[in-house]
Structure formats: C-alpha cells, structure tokens
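All chains are identified by letter, namely A, B, C and D, in their written order; residue positions are counted from 1 within each chain.
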Amino acid sequence: MSILERFEKVDRRIIFLLTLLAVVIPLLLPIGFKIKVSEPVQKFYEAVEALPPGSKVLVSSEYDPSTMPEVYPMNQALARHCFKKDIKIIGMGLWPQGIPLNQASMEQAAEEYGKEYGVDYVNLGYKAGGIVVISAAAENMPNTFPLDYAGRPIEEFEIMKGIRNFDNIDLIISLSAGDPGVRHWVMIAQGRYGKKVAGGVTAVSAPAFYPYLDAGQLQGLLGGMKGAAEYETILGASGTASRGMDAQSIAHGLIIFFILFANFFYLLGKRKKR
Amino acid sequence: MILMLMVGINVEAFDTPNESSKILSSSELPAPPTEVLVKDKPNDAGGSIIVTWGKSADDVEENELVKEYRVFRSGALDGEFELIGTANKGFEKFVDGTTIDGTQYYYMVKASDGVVHSQSAVSEAVSSSAQWFHTDRISMLVATAIICFLILWFIGKAKKGEELYIRPIAGLEAVDDAVGRATEMGKPIMYIPGIADMDDIQTIASVIILGRVARKAAQYETPLLVPCCRSIVMSAAQETVKEAYISAGRSDAYDADKIMYLTDDQFGYAAGVDGMMLREKPGAIFYMGCFYAESLILAETGHSTGAIQIAGTAMPSQLPFFITACDYTLIGEELFAASAYLSREPLLLGSLKGQDMGKAIIIAILIGGVIMVSLGFTKIIALLATG
Amino acid sequence: MKKEIPLLITFIAGMVMILQFFIPHRPFSDLQQLFNTWFLIITVFAMILGLGNLFKVHTKRLQRRPKGWWYSIVLLAGFAVMFTVGMVWGPARGTPFDYLFWNVHIPMSSMMFALLAFFVASASYRAFRARTPEATLLLVSAILVMIGRVPLGNYIWDKLPLIGDWIMSYPNMAGQRAIMIGIALGIVSTSLRIILGIERTYLSGK
Amino acid sequence: MIETLGIWIAALLTLCILSFLYKDNPFYKFAEHLFVGVSAAYWAVYYYFNILYPNLIQPLFGRGQLLLIIPLALGIMMIMRLFPKVGWVSRWPLAFIVGSYSGYNLITYLQSNAVDQVRATLVPFIQIESWKNLFTNPGVMTFLNAIAIPVVVVGVTTGVIYFFFSKEHKGVFGGFARTGVWFLMIAFGASFGYTVMARISLLIGRVYFLLHDWLGLIQ
C-alpha cells in the first residue's frame, strides 16, 4: 500500500483519538480566543432588550440533560438578561426533563439580582402534548396550567395576575433541542396567534430555522454553544459556554484540517493515476 | 348604537363626590384613556372579547403617571364594574377570555399609577360568539382544495390507464441491488423505521416502504431485522411484514421476533441498534423515516460494518449526515414518492403526477409573485396569508 | 368488515382533522387536543406489546443460551430495578428513581450523543472529497461555514465569518426552503392517499 | 457518600460507552444492554405517571369523564394483538391514529412548509439599496448582499424543479434541476459545517464532567 492510499484509508480510531485530545487538552490548558457576535444572536438580544421593564416573557424549555452543554448556558444567560432589565419570566416546558434545568437557571439568576419566586418569575412546569399545549395555553393559560411545577395553585402568585392567555405575554422564547420545540411555537404561537417568538436551539437544528428568521416568524436565534457564548459576550458576562469555546475552536480547526488533508492526498492521488 | 361619551374621573377607593373632587384637584392624576372600542374576537370558539383603547396622554416614557391600564367589565350600563385584568403601560389592547357567549357586556378602562386612576367612557354593548368559519384561512382553503384536486385528478387519469413517466430515483433503483447483495453474501437486511411514532407521516411512509422491501426480502429468502423505537410502530411493522411474506407465498419464513421493540429512548435505541449492527453484520441497511441526532451515530456505525446503506428522511437537519455516510439517500419528497415508485401501482404514480402539478403552480406563484412584488403590487403577499 | 371499518375510521378521523382547521366553533376547536390525548393513551397501552416483545426475545435467549446470553440478564435486571423503583417510590425529585435516572440513564444517554463528535470527524475525513462538481460544492460550502464559525476564520480574513453567514442565510435557506416545499407536497399527497384509502398497506394488505 | 457513588457510576458508564469507539467489547455490551433495559423502564414509568394516570385513570375513574371510555377501548383493542383470533381489532386504533394525524399533518405542513414559505420568498427581485451600496462601496460583501434575493429566488425555484418526478431531467429543464441540486448540496454542506460545532459541544460537556466532577482536574 502506498503512502497515499494509507492516508486515504486511515484507521478511523486515529481520528477518534486526535479528536478526543483536541477537546481534553484545551480544557486543561485554556487559551482565551475572542468571540464575535453574529446577526441572529444580536437580533435575539435586541428582542429582549427592547421590552420595557415589567414585561412578561414566556420561557419554554424544550431540552434535556443530553443537550445541556449547548442549551443550558442560553437559559442561564437569558434569565440574567431578563432580571437585569426587570423583565418577568414565566417558565414552562414541553419536555419534562427541561423543567428542573429551566428552574435552576432562573433560581441562580434570581439570587444574583434579588428576584423573588411568584413575583418576578414562576415555573408552570411540564405538560404533555406538545403542539396542543401551545394552542391550549394560547387560549387560556390558567386552565392549561392551573398549578406551578411544584403543584401550587398559580392564583397564589402575583406574576400570574391578569394573565389569561398569550395576549398578556410580550415575548415567547423557546429553548429547544428538537420537537416539540421552536418549530411548533412558530407554527402555533406565531402563526396562529401572531405572538413574537424567539428561539435558542442546538447548532444542528439552527440552519433549518433560517427560513423562519428570514420570514420574520422568529425574532432572533441562538444557535448552539457558540450562540450561547456570543450572547454571554453581548451581556458582558463570561459563562460556561465561553469557557468551552477554546476546546470548541481547536477541535473544529482539527476537523477542518482533516478535510483539507484528506482532499490534498485525494487530489494528489488522482493526478498520479493520470 | 349610541356611543357614550361621558368621561368620568374617579379614584376607586374614594367613591363619594367629595373625596373624588379632592383628588381632582391633585395634579398627579393621569389623563384618561380615550375611545374604548370593543368587538367580539373573530375566528374563535367564543368566550372572548377584544377591548382596545387610545393611550392616555400621560402614557409617555418620561413620566410615571401611568403605570398600567385596568380593564373593567359590567353586565349593565349602570351596573357594578368589576376588574377583569390589567395591561402594562404602552399597551392599547386587552383580550377578555372569560365572557359567556350571547351575554351583553360593557367595558371601561382606567389609566392608573397604582394609587390614583382616571377612567374612560364606557364602551358600547358587546357580546361574544363562536364562528363557523375561520375567515383568515380562505387562502389555505383554496390551496388545500387546489392541491387535493390536482392529486385526485391525476389519480383518476391513472385509473383510466394513462401511461405515466416517472424519472429514475437512484436510491430506489438501488433497493433491489441492496437486497440482492445481502442475499449473495448470506447476510441479513436491517430496516430502521426512525424514532418517531405513527403520528408522523414519515413513519407511516416508512412502514409502507418496509412492506415493499419485505416482499423482496421474502422472495430472496433473506432474513429481515426491524428494530423499533415505538410499540405502535412495531405492531404496524409486524403486520405489514407478515402480509408481505404471505403475498410473496413465504408465510412460513415470517418470524415476528425479528421485528422487535427496543426502547422508547432515543439514545438507548441508538445504543441497541449500534450493537445489533456490529453483531448481526447486515449486508444492507435501510434508514427510512424520521431521524434526529441518532442518524449519524447509526449511519457511521453501519458504514464501518461494510453494509450497503440506503437512507430516506424528510428531516432537513439530518439529510447532510445521511448524504455523507450512506450510499444512497432519498431527499425529502423522494421518501414519500418511494411507495409509488417501488410498487409501480398506477394509482400511486398518478398522485406523484398530481404533486408535480402542485409544484408547477407553486413555481408559477413564486415567479409571478416576485415579478409583481418587484413592480410594486404587494397585495399578493396579503393574499397568501394563512391565519 | 375487517378492512372496511378501519378504512372508514381513517377517513372520518382524517376529514375531521382537516375541517377543524377551518372551523373555530366547538366541538371542532377542541378536537385536536382531545385526539392527541387519546393517541397518548393508546400509545401507553401499545407499550405493553412492545415490552412483551422485549421480554419474549430476551427470555428466549436465556433458555437457548446463545453466545453472550448473559447480557440479557443485564437488560432484564436493569428493567426490573428501574421499573420497580419507579412504581414504588414514584418519579419525583429526590427518589431512588430520580437518582438512577441522573446517574445511570443520563450519563449513558449524553455520552451516546457525544459520540457524534467523533463520527462527525470520521465522516468528514472520509466523505468530503472533491470527487464530482456536486461533492465539491458540498465540500466548499461546508468548509466556508465551518471556518466562519471559529475565531480562526476571523484571523485569516475578516470577511470569512460574514461569508459563512451569507451562505447560511441565502443559498442554504433557499435549498432548505425547496426541500420544505417538496416535503409539504409529499405529505399532502401521502396523507390524502391514506385518508381516501388508496394507500392501505399499513393496515396490512394492498 | 451517595453523591460520590453516583458520580463514580456515571463516570464508569460514560467510559463504557466511550469504549465503543475502539471496538465492540464486553464493557460496551454491558452498558448497551443496561441502557436499553433501564431506559425502557424509565419511559414505562414515565408514561404511567405522566399520561395514563393524569389523562385516563384519574379523570375517568375519579371525575367520571365518560368520553374517555373511547380511548380506553381503543387501547384495549390495541393489545388484542396478543390473541391471534381477535388480533384484527387492533387495526381500529391504528386506523384512528393514522387517519387523524394524516389529516392534521396535511393541513399543518401545507401551511407552514408550503404556503408560508412561498409567501416569504416574495421579495422584490432587485433591492435598490443594496445595489446602490455595491456601486458606492464595491466589495465582496456588498456584492453578495446585492445578489442575495436573486440567489434565493433562483435557489427555491430550481430546488423545487429538482423534485419533479414525472418529467425527464433533460435539456433546459434538466439544467434547472441540476442547478437545484447545486443549491441542495450547498445547503447540506452548510448544515453539516454548522453542526460540527454542536457535536463538539456535547463532547466538551462529557469531558468536562469527567475532568471536573469526577477527577477534579479543572476548576
């Protein structure tokens, strides 16, 4: 086997090992690359920033622990952004495992900004049914969510006073790692009820949301850990997403190198054959 | 009806004229909201009334005279008005979702800074009702009617025996080869119907394609493994494969245990299928249906076993992975065309032709619409609103 | 009868769901939610079939003892423990069920998902070769977007991230939109064939 | 103590799954079978507490919502498959599910994937602002922005043409279809490139867990 062929058919375990090293080493020895903010993230930031103090934002968590590295930092940054601006958060989720994560991010930010549960934020918990829950909540929030995530009646909470349906919500943000998720919020809350919807999604699904962003169906979009890191950057706070960005860059660079390297030898091999 | 234009000013806590006049003299009282208009919320199941008003003149950034608007309702013009909700400053609309259809209501809005309020005139009488047709959805009704008509029209034509040309689709041409190759190598075939349940049309399409593949597998007497992520999909797959074996005259070879349920969990399923691929060493692997992140986990593992891989999905986000890791990939609509293509039944082929006509109309609207919009006729955009 | 009734049910259920989109009036406005609840309930019953199948396959392995049969014990034991703990103490936070979920289920689930980092690397090394003009386009657009996403791209040429974004927002969006439109027609046609009973293999038979 | 034990179990199982990359081995087989068993039980318990109990048992037997007898009957018909003689009744619930979701998806996809997308593409072909920009400030980005809308219109149109099944892709029509394929390829490449990062993020999450929570090597 010639050297060229050997490079073409390299044991994939070597690739696996190099990828692992590209993540482990920068995590142990951080470098500190700069982060540039992209337009969808800027739009997302502005959508929240434009709300007057006292506005109510619905934050729905549609992710689970497996996508935590990407979406959880968004959830944390969003909660901080809202509380910093005195915007109230109504949490909920269409994925059961997203509820504790949403709650944790709100609690953490509430502590930093001295916000109180029931007054400045509330978590309505999980409801099965995806798209149907969105329609039901759009029509009647108290009926759809009579209790909060811990089983307390929502009438007890000041923040829920005067909230009947989506007409009383100023912005809807879905942080989602799949379906049901942003797509359905756009279809129902935006499509059928004309609400402003913004989203945070995993990087993999982000491209599929560009048409919605372009059509104005989405106000802004955070895509993956990078989107979260950019959002953290605009807010001027370094979080877990920013911390992972070094490893991210190195591993990413490695994959680009793989592709260029493989093509270099492929094209070289093709020329030789001629 | 007569619009009542009396503008009253009062403070909730002080109802006697005396006290009220005290407040009147205070300079802190905000200007009242103007022009309270009410109407039944259109296109709903009833129970909602939309209240709109003009902002108080004091509802401005710089001052705090208006903090919120309070919306009141009464069953009678001179009856008691009760608070039904609030809207933040800067807003001019409130939807009351607690009305009883057919009952008359009167509304009134107060601008408030939390302590003192000034109230608007009382609105006209209004009652809510439910509608039988959603008027914002006419364009959708037309679109649905046209496309369904086209499909049915061409199915009808096909029924009469008209010959229809269908272009080759590489991924589907390869189905026979893949089954054949697995047979030659004496290896089983694996068919993965995705991770969605039967509520997803992709899964239904997948089960239909499974029927066609199973018939070929039965003819070639090659074992067919179908690991499922959903119980209902497993049931439907068993039913379909059994029927395929019967119609191929090989009902004796049908083994229900080869169509098995693993777990509803996305990655638990991926772990199980990956293990199965390495141990069963299939000669051909089909991925048809709705896939999420597990697509590449499965397809890369499948590739490492050396199997021929044919994928098909309508999940735009997963298509790139199948394209890079599989030998053939059905892109979006091609997945739905597979059943017609593999069966060659005229009725199904006719519907493909109908779909094509639908696309032709869409292209015509696209080109015509862009030209019109470029020339300034933007009305077409509103015509396509879907409610 | 065995086939006509299911076809009739399919037709009625399908037509009702189409109509409910256009009719805001009750009962149509509530049907979607109602049907969804029904579907979920049927799903749970069906799970008895799925689990029954899982047990059957693995108890058979215990009887026949093929190579690696003892892994079936691991599977059945894992199920038994998780199921018992869940039914006895419930799924709330702080229960043993919750503990097993976070320390057994989640780590495996997350790692399985994270394997994708490696597979993306191996797939791109192997498959992104400039073999044909189409493959070259795939390659070039992937590289441009990838480079645009890391700080490295900014160092090479400050326009690279912008070009990456441009590809995402326009040509990519156009391609995605074309796929979406195609899918819509495919789904309309397939659904229509199912509702009208033209496509009925899923009910077994032609 | 119990917390530490949990981290150790989690870390070892993580490594078992990771070992799959080397080759199929007893550690992976152990984890795989455990995973399938545990996750199947997880969802069974989950469905009971989140669907069956609150949506059927409680409202039907607790509050007497008799309408729920219908899904109960359909559910029971589903499991009749276990008895070959009456197995055919399981087609009824299947027909109900397939029928209602066919109807629902027909409308939903037509709306959000077709009509809404077509409407969003109706933008003036020539954006005067961006062409002005190009002439006053010629450069790569001003050029790309000027041609952006034409690119979208051409891309969507030719992309849809690629999906034509009943016409041979030959001649001018074939040229359009081929252009459509190019757009699809660019879209796939872009999505792939965009995704790479996400996948690395997940690995970072796991490595972070091992290095931070388990080994305590990073703060």
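Assume a contact is a pair of C-beta atoms (placed from the backbone, for glycine too) under 8 Å apart; a residue touches a chain by one contact, two chains touch by 3 or more.
All values derive from a computational prediction rather than experimental measurement.
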Per-chain CA centroid nearest to the all-protein CA mean: D
Pair of chains with maximal C-beta contact number: C-D
Intercentroid distance (Cα basis), chain D paired with chain B, Å: 13
Chain B and chain C, separation of their C-alpha mean positions in angstrom: 15
Separation of chain C from chain D, taking each centre as the mean of its C-alpha atoms, in whole Å: 5
Shared interface positions of chain D, touching two or more other chains: 17, 20-21, 29, 31-32, 35-40, 42-43, 46, 51, 55, 78, 81, 91, 94, 97-98, 101-102, 105-107, 109-111, 114, 116-121, 153, 156-157, 160, 163, 184, 187-192, 194-197, 199-200, 202-203, 205
Two or more partner chains touched - positions in chain B: 44-45, 140, 144, 147, 199, 201, 204, 232, 235-236, 239, 262-265, 267-268, 271, 279, 293, 316-317, 319, 321, 323-324, 331-334, 337, 352, 355, 359, 362, 386
Overlap residues in chain A, where contacts from two or more other chains coincide: 12, 16, 19-20, 23, 66-68, 128, 191, 204, 207-208, 211, 214, 226, 248, 251-252, 255
Contacting residues of chain A [partner chain C, same complex]: 10, 12, 15-16, 18-20, 23, 33-36, 38-39, 65-68, 100, 128-132, 135-136, 207-208, 210-211, 213-214, 226, 248-249, 251-256, 258-263, 266-267
Residue numbers on chain D that touch chain B, as the complex places them: 17, 20, 24, 28-29, 31-32, 35-40, 42-43, 78, 81, 90-91, 94, 97-98, 101-102, 105-107, 109-111, 114-116, 118-119, 121-126, 153, 156-157, 160-161, 163-169, 184, 187-189, 191-192, 195
Interfacial residue positions of chain B with respect to chain D in the complex: 139-140, 143-144, 147, 164-167, 169, 198-201, 204, 232, 235-236, 239, 262-265, 267-269, 271-272, 274-275, 278-279, 316-317, 319-321, 323-324, 331-334, 337, 352-353, 355-356, 359, 362-363, 365-367, 369-374, 380-381, 384-386
Footprint of chain B on chain C - complex, ascending: 18, 21-26, 29-30, 39, 42-43, 46-51, 53-54, 56-57, 60, 68, 105, 108-109, 112-113, 115-116, 119-120, 122-124, 126-128, 138, 176, 179-183, 185-194, 196, 198-199, 201-206
Chain C residues within the chain A interface of the complex: 32-33, 36-37, 40, 93, 102, 106, 109-110, 113, 117-118, 120-122, 124-126, 128-130, 139, 142-143, 146-147, 149-152, 154, 161, 165, 168-169, 172-173, 176-177, 180
